[in-house]
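Below you will find the structure I want to go over with you.
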């Protein structure tokens, strides 16, 4: 199910086609996943989103696999199964080991528990955590 | 504000006192933050939670600062200001650089945006992401 | 999957039957969607919910399509695929254009990103935003 | 409280200064709210976020006040008090009447209730809502 | 902070005044908490919400304190500090013991952890849980 | 779909096998649901989670069915269909009547509505709700 039809390569507008070409060139792979095929109905948002993702997930000081693991953590807390599946696959492709994946899941679970306990108790922020 | 009074060291039950001693010994610091002082009303949950956190956040294959960054990411998505402040302080104490922090925030923001776009569009999971 | 069986017209209690009749009369359509068929197990909540929805989504100062777009926005942030699908269909039926839908999605995505950045940074509310 | 110090105009890097100038020019106002002062520690994310917000919230087919109302709806569901306060102020400045605000709140409340009922019941999506 | 001014008894419209009178009569107390004072700007939503709350939280098969505990659980997961504080006070007033409160918090924390683990793993629903 | 393969009894490591044996003994049932079969890839998290769940959901001052109802409430607010289905089945098995289930759903719906209204309005916490 989807709220829009997924676009095949033949359905793309010229603007969307150019974005797909950049996705393929950047990732060095012909595969373009369904997210972009759904978003392609709006070439403006497609282009802005892709360029933002490319900037944010591109080379930086954090390892690529760590970036994907952070993406997974957020996606779990937002209850987005598609996002969890795609970024778990990405993280594995970028070298996340099973042991790292285990630690990621354990941390997400534990953080969820303490997040809600803190919220339930209305814990005031310690002065030690205040910034300037 | 809080839904319970924060307990000072003098208020602790013997069971809670033992947990506080282990928190101090494990962290090599006398400081015990407000979360534990609120949770100390229930020594059973205090002990179980501390031991779980100690196991999950203890030595492993992920760097301590990366573990804290994952904790921050989840805490942001759960809208827990206390948790964000405490784990941001922890991550900095464990070596997270300002550049790493910038990348963390950019990823959390970007993931939030694409999480909601995916959900809005009801994107079906690609076969390529299926496991076994 | 569901946690209750969906009720067909023949299964309805007299109280639920009366609510279904009002849904059909109000919408000028014979179609009653699955939400009401699941809720019909509890005629009290069925009636209260339908009457509240009828009041809130009925004629007012906001255009019907704008009301549906607000409903979609909330449903996305609550990660409710059923709600997103039904209200996207409703919004289209009430005149939402593809261009309006594109802007809606772009806003929801952008708001999600800045919401989480603001939360991550713990930004204090500007005095200018305070109300009397 | 914040996890970073808010930057005054004097603290800005040249790149951040240029973004602030564009914010002021676009909004035709000297006021720059705290969100941008917190984000200014990272000129890259500051610039990307501002340009995206400017594109998304700029002239389009939806009225400016409706765009702000959608922003408010999402911000409520994400539990972001800062975002709610700032976009409620924006919406009012762009012409949202008290009556429109009342309808917005009623819809957000009602959608939250039915979102959770639908989720609780695990209601399957009606065929009528499927897209091609 | 609030997005509206809280209304004192003198500020109320006749319709809002009647609702406040019913709140006081139902609760057998002169105290009307801030939520209703903020909502009173919209007498229609005030009346609908109060009557729904009165129906839902009124006498039934669940004990009053259990109803309040369910309210607290939801409020924690929605990150609403006001709601948590008010319903924790209500639950205590209706007889929730400290031991019951401890169990409530432990369950909310544990559910949060397993909810996110299940979501992370994309666990398929067992046939045994299917209805009808 | 899942991000890991579900483990059958034959696939289990000795550590996971011991946990499964304890699940069966504690529940006096041979059935082990999919959550544990997904989690079994990580015997450490499997063991810690099971022991925590056993402690938290075990005998206490709250009735077993009430504990399950609190679990359901949290699971709905976290948008976890698997969790909702499994704990609804558990609650029914532990004696939750249809009338109790109706009240649970009505409370969760109502709390969701007022939670978001309170958040939208930024209602300040009444002094009466403050704890010592």
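Some points to look at:
Chains here go by letter, A, B, C, D, E and F, matching the order in which they are written, and residues are numbered from 1 within each.
Everything that follows uses one rule, which is that contacts are C-beta pairs under 8 Å (C-beta built on N, C-alpha and C of every residue); 3 or more make two chains touch, one makes a residue touch a chain.
None of the values given here were measured: they were computed from a predicted structure.
Listed by label, the chains that touch chain D and also chain F are A, B, C, E. When the CA atoms of chain A are superposed on chain C, the rotation angle comes to 120 degrees (nearest 5). Centre-to-centre, using mean CA coordinates, chain B is 21 Å away from chain F. Note on chain placement: the centre of chain A and the centre of chain E lie 34 Å apart, centres being C-alpha means.
Shared interface positions of chain B, defined as residues touching 2 or more other chains, are 1-4, 44-45, 49, 52, 74, 76-81, 84-85, 88, 105-106, 108-110, 112-117, 119-122, 125, 130.
Taken as a contact graph, with one node per protein chain and an edge wherever two chains touch, the assembly is complete, since every chain touches every other chain. Considering their complex, residues 72, 76-77, 79, 81, 84-85, 105, 108-110, 112-117, 119-122 of chain D touch chain F.
Chain D makes touch with chain A in their complex at residues 1-5, 44, 48, 52, 55, 125, 130-132. Residues 1-4, 6, 31, 33-35, 38-39, 45, 49, 52-53, 56-57, 60-62, 66-67, 69-71, 73-78, 80-83, 85-86, 88-89, 97, 99-100, 103-104, 106-126, 128-130 of chain F are the ones that touch chain E when the two sit in their complex. Interface residues of chain E, counted against chain B in their complex, comprise 79, 81, 84-85, 88, 98, 102, 105-106, 109, 116. Only residues 1, 3, 41-42, 44-45, 49, 74, 78-80 of chain D touch chain B when the two sit together in their complex.
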